[in-house]
């Protein structure tokens, strides 16, 4: 995109019905910045100077453009089409981050490479200016301070700026009955990328379908939380040094935790992975994931013996038993939460190179005396969320 | 202000009773920055080095200064008086943005010219640094995510920074009984401009009377929302290409909507304007506006036929029927809200060049299938709010 | 630290049991930035390139490091030790700001010197870039808009960036039962300094003990609010021109106000200070402070005659009677609040050079007609909070 600054331009207007082809340097065309965030196949950007058409400077879908262009009232004056073939970077086309399933092994590796570079940038006191001039809107329909701060820190570490809505559900015009789509159409006019947390499954996908700028799903209800899944896999690779051939014990609430479900999904993309499920009876891993793993040739087994699993695994991934899922049955909750605790005894059973992970917040499912052990990786894991989010923001806004 | 860097300076102190006149280069005087935000006639800035007088570096009114100077305890050491006559830019003196009524036709044109320039800046990826080093405080006593994000985006697109209070009513010392004036005096010490939303009519005027820095009214209760009025007029000019001679249909809740009232007011400044009022009986335009328009020679009529009005108008300005105004009478609300809907049929009646506007949020008073039509201008209208706010921030902070 | 870029480096690993000493230029070591925020004696920074140890790049205590190093699994590759002796600036070692008691007279003077320099920076329109690339997290477990805006303005006036949590108590994972320590460990991964307001006394100390980055206490419940205490003393020095030998009248709620208690404490560090306590019977200054003052040789007396005290003092420090402390006894509150009002009569009794101070917000314990008098110092006092906080942020992040 940057290498060659010549584009062939397709100019049309109501007056001139037969299109003219011309060469323009990139800078010649005014609205260059916002459009490229979502390249449309080979078509890299669209520029319309009319006051009517595309003044917002954004267009989400080529089909949408075409629909406009064939209608009466076309006032688009210039339409850039990139002459060059797609670059290597374009092999991993990333428009939005909506769900863990959208990433394959190669793209994960590419993202992890960028994330590793971010570790150095974050340590540099001058700060990076990679995203200088870019604005991220954090549209949080339910509060999640940890996730919000992580994204906002990522944006600011790269020199970008942030517009924050900490409690969009209560405060925004959503309360007056505005649709999510309308909100997105307004917010995309004020920003370059939207990070959205929502209480409804599928909300992120709807937002991305509407927005002409990239959308990152920061959790949509019981649905997806893809950046958490990515940081989990990234942490395993950074801590253990490999992903193929690893043994992972998933412990705790496996029925309700979306993190363990997403992690199991992503681990299926690697070779010779073995997964152990260790959970109280009431919150066992559901059959859909088990069947999916089997179909992908991933070995898994259920176990009630945390010590034995701990002794075999490279990663013990502990999770919080979520009280809110038990309703009136406090007795069941109390029974479940005390059952599998990662403590000094578990540490003793674990191998020297193995690590303990946890998506946080933790209550007492990992005892505090574990924190001092070098194998306690959960705070490094939280920090890795920063690097992953820096990487995604960079790739979505300025490319690989 | 920048052209000539020589000012005649009026130096006084308790010791020297007869003032001395001297020439100083601008930089010689320390507190140059904050003061000029509100020039006091020809007096351009006041600089006092005493620890007692004006340490905050702000002074809202020349009278206030005079009162101080004639009192005991005068410790002001230097008082700049600009030698030069006011520049062309100073013809449009803008200290605060409080109400639509403060703008005349010439000043609107001048602001719109600046706003047009902002459209280019917003598209430039490097971002503007026009307001680098300036801090805007968004003091919102009632939430309005859309308006807040628009102002904050405007400030950041120009390189400025923002201090946010999303819910000042609940959180701030207002809850402990502090007056608005005291809050303003504190906040002006932390920022260079205040954007305030308040639940009480007249609050913005009180804030501006207190503050030594510019205040922008972002809506004060049932009172004014001047930046909305400006962006509406700007949108009409950008979409239709003119303001003189236009025909505008105001539709929906004309009794409670402050946007339509302000818009009607501002349109009276242009020639040969014709306004149609189309609204359910219970929310008709009030007599004060009708009488005002008549007194200004603006033609207007009421109509119950949206299709006929749509066929004649350059602008169909739809508004939301505000449920909260109907209290217990849900039946009246339901009747009112269904009465005038902008849909495909209305589009068919409209002329090719005409546009549909709406201040947003919309519910179903414009059907979603209208969105795809090039004449649906409401999201571009929301975006124009960004340009108008960028323009106002620039003019208030660094001048024309 | 900057003068010499050579450090002697202490390299260790599991493989090499005997340490090697080598010389490295500073830049050779990657994680230079975050560590120096809390120098550990002469040891200036620690750098570990292992993926396991210290990846977060922070280490709060030398003991903590040592504990790690002597454990199995040491993977630290390099350990910098500064060759040079501590500089003059290091005489005033400042790691965190937790309580007023941590400051002695010399350090207060040093901070005030930096604060005075900040007054010039704040007036410079270009803005300082001293803290460019640094991120401050404002972690507010209870709302305090005034204090939060003051800190955020301070950070931004120095070119730094801010992550905001306006209502951490309600929103954050604290609601799910996460400990403060865990929250701090996460947030320190996203930022370079934490400004925390909490509802529990001692919370700031706990946070500082956990964090590897500086922590500033912005008020912890009934405990401390050290930056308020510093700005009060700074204001007295700026307004009166001295601290030794001053006479201060503390008026109003002396039982519950933490500001007057902290101020009394700090004033004991100066010579020949005289303090007058003027308060309704129900909210008299408690014995612990009186005894402390006596033990330090500070003269104090209680008085019921505000006019007489006002005529003698350099500073009349008025405070708000806190209604919330009276519970059901509204009668006692009403009696207390009306008893000592600073009004024009008090002004007349005061000396020309004396000033009225107040921590704000004020209700009617200072009448509004006092505001116009040059001796009304309370809004300048609020502004001084900005300079003090700018100074503290600068010293904690980049040193003296």
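For reference, chains read A, B and C in written order, and residue numbers begin at 1 within each chain.
Quick note on the criterion: a residue touches a chain if its C-beta (ideal position, glycine included) is under 8 Å from a C-beta of that chain, and two chains touch if they have at least 3 such contacts.
Please read all numbers here as calculations on a predicted model, not as lab measurements.
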Taking shared residue numbers divided by all residue numbers at the interface, is the value for chain B and chain C over half (same) or under half (different)? different
Overlay chain A and chain B by their C-alpha atoms and let me know the rotation angle in degrees, rounded to the nearest 5. 120
Distance between chain B and chain C based on Cα centroids, please, to the nearest Å. 38
Which chain B residues sit where two or more other chains touch them? 164, 166-167
If you look only at chain A, which of its residues touch chain B in the complex? 30-34, 51-53, 55-57, 64, 67-68, 71-73, 75, 132-135, 137, 161, 163-168, 170-173, 176-179, 181-183, 185-187, 189-191
Of all residues in chain B, those that touch chain A in their complex: 119-120, 123-127, 143-146, 149-150, 152-153, 156-157, 164, 166-167, 238-239, 241, 320, 352, 360-363, 368, 372, 374-375, 379-380, 382-383, 386
